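Chain lettering (A, B, C, D and E) follows the sequence in which the chains are written, and residue indices restart at 1 in each chain.
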Amino acid sequence: MTTLLFFALAAIAVAGAVSLILQKHPIHSALSLIVVMVALAGLYLLLGAEFISAVQIIVYAGAIMVLFIFVIMLLNAGEEERTNFSKMAAYVGLPLAAILGAGLVYWVAHEGSNAPGVPLAESATRPLAMLLFQDYLFPFELTSILILVAILGAVVLAQREKGEE
Amino acid sequence: MNASHLLSVLVFLPMGGSLALLLLRGDDHTWIRRLALAVSLAEFILSLWLIRAFDSSEPSYQLEEARKWISSPPINYHLGIDGISLFLVILTTLLTPIAILASWKSINERVKGFFVCLLVLEAGVIGVFVSLDLFLFFLFWEIMLIPMYFLIGIWGHERRIYAAIKFVLYTMFGSILMLVGILWLFNKTGSFDLPAIQAALQSGRVVFSQNVELLLFGAFFLAFAIKVPLFPLHTWLPDAHTEAPTAGSIMLAGVLLKMGTYGMLRFCLPLFPAAAHKLAPAIAVLAIIGILYGALVSLVQTDLKRLVAYSSVSHLGFVVLGIFAFNATAAQGALYQMLNHGISTGALFMLVGMLYDRRHTHEINEFGGLATPMPVLAAFFLFVSLSSLGLPLLNGFVGEFLILNGTYQQHGRWAVIAAVGVIFSALYLLWAYQRTFFGEVTLDKNRALPDASGRERSLLWAMAAIILFMGVASPLITSRTESSVRQVFDQMKHSDNPQPVYAQRNALPAVHADSPAQAHAQEAQGR
Amino acid sequence: MVPFSYYVVLSAVLFGLGVIGFLFKRNIITMFMSIELMLNAVNLAFVAFSRALGQLQGQVFVFFVIVVAAAEAAVGLAIVILIARNRKSLNIERVDLLKL
Amino acid sequence: MFPSHQDMMRLAPEIVLCVAGILIMVIEPFAGRARRRVVDVMAALGAAAALAAVVFPMRNAGLAFSDLLRVDSFSVFVHAIIGTVALLAVLAAPSYLDREGLPHGEFYALVLFAAAGMGVLASAQDLITAFVGLEINSIASYILASYRRDSPRSNEAALKYFLLGSFATAFFLYGVALIYGASGTTVLPRIDAGTIQPTLLALGLALLFVGLAFKVAAAPFQLWTPDVYEGAPAPVTALLSTGPKAAAFALLLRTYMTVEHAGSLWFWAIYISAVVTMFVGNLTALVQTSVKRMLAYSSIAHAGYILVAFAAHSELGTAAVLFYLAAYALMKLGAFTALSWLSGPGERHMELDDYAGLASQRPVAAACFSLFLLSLLGLPVTAGFLGKFYIFNAALKSNLIWLTVLLAINSVIGAYYYLRVIVAMYMRPPKRSFPPERVPAGIAAVLTLAAAGTLFLGLYPNYVIDFANRAALLLK
Amino acid sequence: MYVLNYLWIIPALPLLGAAINGIFGRRWPRAVTHSVALGATGLSFAAAAEIFREFHLLAPSSIPWVKTYFTWIAAGSFRADYSLQVDQLTMVMLLVVTGVGFLIHIYSTGYMAHEGGYARFFSYLNLFMFFMLTLVLAANYLVMFVGWEGVGLCSYLLIGFYFLRKSATNAGNKAFWVNRIGDFGFLLAMFLMFRTFGSLDFGHVLPSAASWPAEASGQFGTMTWIALLLFMGACGKSAQIPLYVWLPDAMEGPTPVSALIHAATMVTAGVYMVARSHVLFLHSPVAMLVVAVIGCATALFAATIGLVQNDIKKVLAYSTVSQLGYMFLACGVGAFSAGIFHLMTHAFFKGLLFLAAGSVIHAMGGQQDMRHMGGLRKKIPWTYWTMMFGALAIAGIPVFAGFFSKDEILSAAYLSPYGGSLLWAVGILTALLTSFYMFRLMFLTFHGGARYDEHETHVHESPKDMLVPLAVLAVLSLIGGWLAAPALWGGKDHFAGFLAPVFSAATSATDAVGGAAESAGSIERQLMAVAIAAGLIGLLVAWWMYIKRTELPEKLAESMKAPYRLLEGRYFVDELYAATIVKPLVWISRRVLWQSVDERMIDGTVNGVADAARHTGEKVRHAESGNTRSYAAWIVVGAVAFVSLLLWRAVK
């Protein structure tokens, strides 16, 4: 059952990713990405990471992607132009990117196949919280600064010409 | 008073002088010049004290000063002089006031910067000559590039920027590899201190494999060879000289080039004797090519300054030959020739500069018949040319003779070929002289050129006096350089140093000591 | 039970697709989305490894990645808006004032 | 588990920076335009305090926050560099911001937060913590790069920086993920012990290297640098080219020296990258006509030099990296600051020709600028020379003779383009009039400090190099 | 022993004079200038005379009398002092140089009276005296070299005295350069000498050399090399083949200079040097042969050229070259004292001839071409008669000085073991030619009708200060030879006797092999007769051609066009040198060394490297396309590269 589910979700995720690349319109791409994310949320569930799965749906698919779509709408972005100035990207970059991906897949598969899978405890959310707020307290606090910076950035960059009044 | 800090004072007095100059108002040209001159003269007088404080019987370093400086790696502020550097320091302090006076009238723009550069240059060059720490040596070696760069680049002639950059890049290419060499040496010996390294090598505590020694030698030698400049690394020189202002040329030819030959004598030979021996034939060949080549190329120059520049290539070829003949006589000659070249070529550049001040050109075609409007200048020009071509009783001869003679004792063929250069030097100098000064005045604008002014005359007299003095009274100098130079070769002794031929043959007449002629001669000498 | 390495392989595939997407797309926003795809791939890898190792750290890391992604999105989209406002184009290849 | 007193002490500089940043954000709306100077002063004080606060971690070295941070001489050294950079960047900013009509408060806050991020990067020994620090710094940098919002170039710089930076970050992260997968930990000292899948680890380390190499602008990941440095506002460029680079180098170095696998695996990558970086940076700088862009390329070349010291993979090498970073920060910051002032409103004058004859009109500025250039060139008596000297020394000690010779050749190539600027300033007639005689106090202070520092490090490096040596020992 | 103890005073006096005139002379009246110059030279002549007196009081054992003043050059194993010495040979030279020099100084006051650069002239002249005296007084080769080069310098300066004339400065340069080639040999000789003997002092080298075994004929040993190299120097200074070319051109200088430097003193320095080093030469048969042959060849060669020259000074110049050849012939056959004797008499009569020629030119207002003279006998009788004395002397007409010295040489050439009949025959032929061209000169100049515009040129006798030296020299040309009247004539060879201590080695060498002194008498008599006959025949032919049948020369020239052209063109040696040495040298220097090697190859490479760097930069720069996607592609490239690299290392 889980195997079937895995392959189904994996197929959706990959299909979504490919669609993200192939879609001409940014909105379609964004929707494809949301599909990927949702599929991934499912996979997280399969992996027993309920909390992450929820966060994935709420924060990622919910908040971040909404932001994307909002911006796309705001800017009224149309279909992608068919310009291709970069030979480097087309003839060198893409093949190599494919090779990189394939290489990663090969080596990861090659290495990981024999490693044991360890069953997890019933619910990981509580220990997760302990971990986050004890061992990883420092980076957690740090993220507040990160978010502060992001807010500051959004304010600085997106504010209307106010500084020059 | 003792002279224990004399070297530091010598290094830092010009630095202080240049700082003081910076405080003056930029448009107060008179006082800028006066202050610069005063500083450089004070420096010169102080440097003369070196002669008194120097013990000529002592071959090793004297008046040493050593302070800890950089902790890691251990670098000391270590100064000292020996017979090799003594007169080079004095040459520097002598040429600086002369360069200042030579540019008294000809520099009217950015006067302050000019004299600051000259004084910093002086400090840098003196630093090179008195440093006994390789790091410190390198530091001064590089430092003096900058003022020279500015001197050429700011106050030079049309193609000054090309020349300035070429000069710096050429030199830097060599010196950066020398830095690699210095550090490598440090890694092998654990010290930057020259005496310490020498001691380590002498005692055999540190032994280089042949290849390492060759590479190290190469790293040092390349830097020096570029500076000298040795054929075929010389092409920066004509450009630098042609474009430099008079004072720049005087300093460049007078002392900067000597840093190269000094380095060979100071580092290449004592530190890497085996490599030096191995490569000496090749180097000597280059030196000889340089002698002849430089002379022949000077012969056909149309630019007076370029001509003198190429003649430097020829003269410095003699010096290098003298150093790599591995003969104390030749090396002494080389050292002497360094001083000579500084004086003679410095004076030549000064004279060319005086012509330039009047006509703003160096083209020989633009001159012609100048002896008529300016007899005094013409006379001095001839005098200096004669010194440069090695007329006996003038300084150039002593050096050339010692070099060739010493070289001949070791490597007859080298000396024979090199001596052809003596013929050529007469060719190009006198021909140029003829075209410049003899004949009718060819251009009307040359007809009314003023002869040497009082300032110029006093400068020329001073140079002439030194030329004559050095031509006549060479032992006053060579006796002080003797023991140090000898020590260089003593340190190389463990490698092959063939016995001079005459020492073997000398025994011959002694067998017939009772022959009448011999007795006769002895008697005559006894009286 | 699917071996956890399948997940890792999937993450590698997604990462590779992200890279390809970044190179392939010309629309700035889509390129940015490709990066998000790569980050998602990373997350999947973290979770998978976390599972494989029997540790929870991996999941904590995912949390951080998501936060960073959010922050990047905020700032990145702000920059995109600026560009769109100043250039009237979202084509990355038209943004080449600075070169050589 | 609450952080202990010790933990806080070890984190003092970052705390000071963040607090100062937040305070500025809070106060700025109240200060208003009239009392803008209050903000300037606060920012300067904050940065200075952060620099001073380096004393605390220095006195309280040790691990902090469940071993995520490692505060040792090494991190203190890098903190000192970062603090100095932040201070100088803040000091140089006001006149520029005024001139370009940009808001002050946000700028300072961003600089201070960015510095905090760098600080974290410098002392993190956990890759995830480092990642968060890196991102704080990066995001702040993206914003700063586009701080001149109306300038298309500034926007473009930010966009390129942002896109490529995020792209590289993804690589970095995937590397971290793989490392985690291979060893079960992201804490550097534990990686070696925990490794069960060496190939996976190698894969992870490779991607990690890509991410970090991007940050330090090593070839072939350097291409963003010139565009970003050119497009970003000059004071930002000054900051970007020094602080984040130092921090990223710190993490790279820490990883390289702590993780044995990294030490052995990265060597050739670093070697090759060093060679390519030096040549690409120098050769391309050779043909630039814009001074700012030329300096950007030169910073690539310098990254290459630093990588040479990396390649030495020894304590000497580490010390050399640290010393060079310090020297480099001073001289590069000085150069860009001088440029930011001299380029005039809107940074219109960035071409080489615009600097013709500077020396005759602004002798002191020209002298300062020249000093920085000469230091970048590596001439004795300047910090740049000793920096190179230590790199040479380290590389030779590790028998990297060819690398040393290549570095030597590169210094000569580099000399050409630095000298070209000096040529323009001193040897050509002026083509325009330069900004007013009165040097803004901030700029003057920065130039003086940077120049003094450059000379001080060049003449009397003992304190710094001894400290660096100690730091190198601890890191091992 | 006053002056002997202060030998330095002899050269120092003229040096002082030169310095004073050189520095202050321009601002002083002429009288002061020449008083200083004459005073200096006169005093040094007086000092020389005094030394001559004192010299006789010296014990033979203290000759040579050496005075060492201070060390000049000392470095490594090398050491050379400023030391002066006096021996018999020096004494002769000293008297000749100061005596003739003084006379010529006097002459110059008249000759130069109306010329510009008066002070400069006397300054140079005094400087020359200084160097020449240094040369002859030197006690080692190095100090000798000082004088050697110094006189060359003065020669350069004085030849180019009229520096506005290009030909004059050209000639000066040529003189210096050619001399330098010779000096090159001298220098090498010194090096080799030092290597061999460890010193350059005469007092060490010559005795040491004497004790060496002589080399076999045909052997090129050390001695041969030293001797040949020294001789190379001598060739330069004394204008021998192949380095003679500068001397004819040197006539561009003022005539007193030609007389003093290019006839009487400087050019004979080579002879002096060879004589001084005779010990070395005697040890090498090869060198002796070379010296003799070169001397002989030069004598004939120059004489043939002298036959057809029209410039009065050029004739004398070639004659000088020819006479110098005689002197070397003498040295080459081992008759060193004869060589020196001829040197002395030559100084008298050639000095005289030049001065007289100067007087003629002075009288003619600068005209030097004999074709535009003629019939001057009546107008300038003093000049005519004194010059006639000189001509008779050089032509080897008995009782005049030249006769004795030349005869001594010719007989030595015949009799000496080093000599041979061929050398003698050439010598005789040369004597005949000499006589011919000298009288050709006399007759063309002074006899026949005037071939110039008498209205434009006011021929006048020269002033007294010019005539007195002429007279004195004429007397010397007459009586000078009697110092060495051969035994045949019932005289005693005082000169050879005086020099005997110096040339003891030579005498012993020639005597040892020559041996048969008894039979020599009759042979000498026959030889002398032939020589006299040669001189007279030359005179008669000249008389026949230039007084009796004045149209004959032209006919002769017409009929023998090719040889005449050859002679008139001086065998085209100058042209040959120009085409084979000078031009190629300049061409190679300019086109090959400078423009091709220096500018194109070396500098081209340097600039090429710089350009290549810039070019590469320009290429590399294009990676920086401004397109973000391509940057990303590069990142991927790097990632793939490093991933592969690390994986490869990890798997390995």
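For this structure, a couple of remarks:
What we mean here is this: a residue touches a chain if its C-beta (ideal position, glycine included) is under 8 Å from a C-beta of that chain, and two chains touch if they have at least 3 such contacts.
Since this is a predicted model, take the numbers as computed values, not measurements.
With centres taken as mean CA coordinates, the chain nearest to the overall protein centre is B.
A count of contacting C-beta pairs for A-E and for C-E identifies A-E as the more extensively joined pair. Averaged C-alpha coordinates put the centre of chain A at 5 Å from the centre of chain C. Centroids built from CA atoms put chain E at 36 Å from chain B.
One finds 78 Å separating the Cα centroids of chain D and chain E.
Chain C and chain D, compared by their mean Cα positions, are separated by 26 Å. Multi-chain contact residues of chain E (touching two or more other chains) are listed as 610, 621, 623-630, 632-634, 636-637, 639, 643, 647.
The residues of chain B that reach two or more other chains are 169, listed in rising order. Multi-chain contact residues, meaning those touching two or more other chains, occur in chain D at positions 128, 132, 135, 139, 142-143, 146, 149-150, 159-160, 163, 167, 178, 181, 199, 203, 226-227, 416. Pairs of chains that satisfy the touch definition comprise A-C, A-D, A-E, B-D, B-E, C-D, C-E, D-E. Taken in their complex, chain E has these residues touching chain A: 623, 625, 627, 629-630, 632-634, 636-637, 639-640, 643-644, 647. Residue ranges of chain E in contact with chain B, taken from their complex: 22, 26, 61-66, 70-78, 85, 142, 145-146, 148-150, 153, 156, 160, 163-166, 169-170, 172-173, 176-177, 180-181, 183-184, 187-188, 190-192, 194-198, 201, 203-204, 206-208, 210-212, 585-586, 588-590, 593-594, 597-598, 602-603, 606, 610. Here chain D touches chain C in the complex through residues 128, 131-132, 135, 139, 142-143, 146, 149-150, 152-153, 155-160, 162-163, 166-167, 170, 173-174, 176-178, 180-181, 184-186, 226-227, 230-231, going by the rule given at the top.
Chain A meets chain D in the complex at residues 104, 107-108, 110-112, 115, 134-139, 142-143, 145-146, 148-150, 152-153, 155-157, 161, 163-164. The touching residues of chain D, when paired with chain E in their complex, are 159-160, 163-164, 167-168, 171, 198-199, 201-203, 205-207, 209-210, 213-214, 219-221, 223-224, 226-227, 264-266, 268-269, 272, 279-280, 282-287, 413, 416.
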